[in-house]
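Across the two complexes that follow, subunit A remains constant while its partner is subunit B and subsequently subunit C.
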Partner chain A sequence: MSLNKLTTVDRRDAKLALAHIYVAFIALLLGGLAGLLQVFVRTGQFTLPAGIGYYQVLTVHGVLLGLILTTFFIFGFQIASVSRTSGTFSDLQRRLGWIGFWLMTIGTTAAAVMVLLNKATVLYTFYAPLQAHWIFYLGLTLVVVGSWVGGAGQVLRYVQWRKENKGSKEPSPLLSFMVVINNLMWLVATLGVAVSVLFQLLPWSLGLIERVDVLLSRTLFWYFGHALVYFWLLPAYMVWYVIIPKVIGGKIFSDSLARLSFILFLLFSVPVGLHHQLTEPGIDGTWKFIQVILTMAVVVPSLMTAFSMFAMFELRGRELGGKGIFGWIRKLPWNDSRFFVPFIGMLAFIPGGAGGIVNASYQMNQLVHNTIWVPGHFHLTFASAVVLTYFGAAFWLIPHLTGRKLTKSINNLANISGILWAIGMTIMSAAMHIAGLLGAPRRSDYSEYGGAQQAYDWIPYQIAQAVGGTILFIAILVIMYVVVKLIWFAPKGEEEFPVGDVHESSGPTPPLLENFKLWLVILVALILFAYTVPLIDIISNAPPGVKGYKLW
Partner chain B sequence: MHIHKYEKYFLVFGVGTLVAFLIILGIGAFHQGSHPNSGKKTLDYEKVKEIAPFDNPGVHKVEGKDWDYEVVILASAFYYNPPEIEVPLGAKVKFIATSEDVIHGFEIAGTNINMMLEPGYVSEYVAEINQAGEFLIVCNEYCGTGHTLMHSMLKVVDPNES
Partner chain C sequence: MANKKKSEDNLKGTFYAVMGVGIFVILVWVYCFNLFIDRF
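Coming up: the complex of A and B.
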């Protein structure tokens, strides 16, 4: 790099990033506890105390882990990444970050209070016509608006870098580029859910309008919902593409392929939401199928990523003297938690991705739709591949930001948490997949379904889920111990923020890849293509709207 | 942009497989007619009990159609009407269902009959019943506290056995 050598995150930016990370790990602990209670209840041997409802706990689990842990950790990581690779934030950019943080935190608290008061037991997807308290919707709105404000701070820092480096032959910093892609995707996707909440659910829960168009609100939710999962995934990909090479002493396999894969994720994130609605009435089958094809396009950047990762591993393993077809594998730094824990995540992504193809496969979806196979699937993709990568990043990011060291003993504990996670999740997720194929529904309290034989056949798998879930909760406790150590107690020192260099054979990066205007135009065109006709159909054929129900 | 030779082979193979897979799905859908529920009909969910066919839920034998039976189901929190369905083995059955309140699921466990039921929309699916036995019907979309109390049973009887 010809520019000022940035190696550490500025103290003030570090404080902002850490604030986000604290909230994320509090959410992990509480959300994990909710998950533990769920698997216990589903064994049939345990009832929740003090009149707490199963679906209340399930709402807590989904909101805290799916919406709060993710958004807050992602922002903490992205703020640190932009500050590290593009440069220290300006006062304005940092202020935007803090405003965003407080909006999101206030929103989270408001929504959480409503869930705890049992005024919003609508699960984290809040499908109408189940109607939560208006403060719940307002809280989620604040989380989204806060994420826009905070995201703007990150994007502005990147824009500033581009301005300062006009005419430079060097491509923009890869990690910052990826952060900007993720923020753009988030902005475009959240527009859908924002329209639904602001114009439908919020006024409806306030009594300003009596009825809502249920199918429209679901379609707007899923316009957002699938991009949401890519919003979780892309920061994990940032770690895989940019951080891991440096951790293992290798080089980024290809700068342009990394950028291209992020652009493809951006393009195929939003115009695909109908694949969550394949068994729904009121949407034309042909348009469902078109969105299935657009969904499957994501296989391309996924394959590119898989190749880049393993190519990079092999290059490094051979550099270290690995011989033969598989000899290089032994040479990788397996005892380094910054590599090992995310690597477990990468492995989980292989069956996770394969299961995802089944889910999105039009007719095949009928076999698994809304069965517990689906949570089994996203506990591999999201709750293993993505979160293990977040943890692997936290193990160096937190000490980097707090000015401490990841010591050998903490590193070993971190590795143990990864192994526990792998064992617990293998048991739990496999049991969920099998029970799902046998027809067991997701999002369901313990039930014997009037003594039906099929329902009895599901129970052994529910017990297996409790075993796996318990091991996972122990893993969470170990991770919390590691995190607390790294925040307050680890020895003072300097922990590296690893950012990989690009391999010599990577070749120059075409400027086209950095042309955001072009990619945004293509994204909007794809969205218009995929959604215009279905939305016109849904609106023009709509039956009378539906009043709110509170059935919990 | 430089792409490694092996990566090119890998991508060509991967994308080729994907395209073949999508073609198979497409043939299944548009040539053999295997579509999930995409019911087009709408109604007023508050008057659904007065509107045919939901004024008369149950199993109905029909003549002159592509299917032998129509099974009409009205779902509400937390109940299916009818609470039990009996059809003969080998029958071709059209399931016609809707919800009179919130969103429910209609899943016959162990089969590929699986539809979302939404207030105001009619969900439809035609299936050949080619296996005898009892199949549990469950609501697979969270609908409130009594969600798992909501179930029904499909009984497929072999006329040659009784």
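Coming up: the complex of A and C.
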């Protein structure tokens, strides 16, 4: 099938994609509300009503936004992207999508109910020895299994395209290729958390085993956990590399560069989890160091992406008559929310990435470990760069799927939400970074720490976080209004699903970049290299396990 | 034709922008490294 014939997503696939997007935005509203309550509590001026616990609200915030908003939006976006660029799903592929959707939705509901009943106040990292109700772990298992089933539907559609186009000199559709990379990474990464939940946490919470090895469970969690952040990030990169060029009227700078950058993210996503455990005893320093080196390798595809984005913008801006070194910047379509809102996200990624390098710099991690600097960091990378890109994509994707139009007035509101987000997040995240450097802990409820002067110094920053958080919540309300309009009330019409063309001076794509077997072998080899010895060490030198604690 | 195409592809701004990102990353790192050395 020729790529050019596909310009819209089939109605049946659209319905499947939309189902995911509905859940994602419900999660955004509820998770955002939980975030607002959190920052209020941390001012010391507000107490939660009706016996609701601070850590319960924190768990709601993390699980709904970090695990549910992301996974559901990503799947909605990926289903639409594969259907748009590889072709309409077969009945089997679509059925897999629906089975995956329902498994994930049932799992989410089960986990959410347990959190709301205060039976699973274990935060989104669910570290042992905090022990949740078994239904919470079962719910999360269903979310992961559902994502495997749904992901299989997307991968099968891509495989079908490859079969139908065997011998073709054209590379496979870039957007579909990227979706497959993200699904593969997700599959490999979730194996770690699946082992931890199925063999440790679930039997432990059911009382089948009494004790659990905390270090092993945390190591398995972070084997998964760092790839999780790339699972969030790569769909944003799909928008940056493939969608934004079309939105601004430009071209994809280089197909090969985009593919290579995704492959590098795939390779360096998993064998780096120990950089989240740099202060943890029980893991040999040499292996932490090796994983720090592998982590720093991610700087390469990140700067490749930065270069590619600037180049794409500059080429387009100059085409429109931009002069001088930076004159092209003014020529970009600043009032188009499909570009403007993700662009704010791109800007946020610069300080976010810089902070990330500090976090991962081994010994320097002591400066920021478990301080509120870390949430400040991931509110720039995830809660700005990634989610603003998701919102920017939703502004055209939702009307494309519902058969409506992104009107001028809705577009203006969408831009306002982006500006509010930028203001709110600058205040909140800067306050978090500074307070973190002053030693303020992350996760913690409001406390004056027995009147310690240092703790008093943090309070003005906590008030700043509440100011920023309130502005962010207002931005969420505006976004929800925009989304509701686009789903049900915007005028009927056709909204484009923008997919960029590759720049004419970009060379041909080497077939090597599409050789999944090769990259998977390298990925597995890297994982075995990075994790075999540390895991053997952790298991063979394990202290007695720990019983479960319920501290809430 | 090919030469004409080449002369249009001016990426000076991109060069300075990416260098700017790199310098910003280094400055943040050096600032934090200083704090680290002072404290530990």
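Points worth noting:
Rule of thumb we're sticking to: the second predicted complex is superposed on the first by the 548 of 552 C-alpha atoms of A that agree within 3 Å, B and C clash if a C-alpha of one lies under 4 Å from a C-alpha of the other, contacts with A are read in each partner's own complex, and residues count from 1 in each chain.
Keep in mind that, in the parts below, contacts are C-beta pairs under 8 Å (C-beta built on N, C-alpha and C of every residue); 3 or more make two chains touch, one makes a residue touch a chain.
Quantities reported herein were computed from a predicted structural model and do not represent experimental measurements.
In the superposed model, A:544 makes contact with subunit B only, not with subunit C. By the document's definition of touching, of the two partners only subunit C reaches A:315; subunit B does not. Of the two partner chains, subunit B is the only one that A:446 touches; subunit C does not reach it.
Of the two partner chains, subunit B is the only one that A:278 touches; subunit C does not reach it.
The partner of subunit A that touches more of its residues, comparing subunit B with subunit C, is B.
In the superposition on chain A, A:358 makes contact with subunit C only, not with subunit B. In the superposition on chain A, contact of A:367 is made with both subunit B and subunit C.
With both structures placed on the common chain, the touch criterion links A:307 to subunit B and to subunit C.
Touching of subunit A by both subunit B and subunit C, each in its own complex, is seen for residues 303, 307, 311, 357, 361, 363-364, 366-367, 505. The touching residues of subunit A, counted against subunit B in their complex, run 53, 55, 58, 123, 127, 129-130, 214-215, 253-254, 256-257, 260, 277-285, 288-289, 292-293, 296, 299-300, 303-304, 307-308, 311, 357, 361-367, 369-371, 438-447, 449-450, 452-455, 505-507, 509-510, 513, 541-544, 546, 549, 551-552.
Contact residues on subunit B toward subunit A in their complex (touch as defined above): 1-4, 6-7, 10-11, 14-15, 18, 21-22, 25-26, 28-30, 34-40, 42-46, 77, 101-103, 105, 107-110, 112-124, 134-136, 138-149, 151, 153. Those residues of subunit C lying in contact with subunit A across their complex are 5-6, 8-14, 16-18, 21-22, 24-25, 28-29, 32-33, 35-36, 39-40. In the complex of the two chains, the subunit A residues touching subunit C come out as 303, 306-307, 310-311, 313-315, 317-318, 325-326, 328-329, 350-351, 353-355, 357-358, 361, 363-364, 366-368, 437, 504-505.
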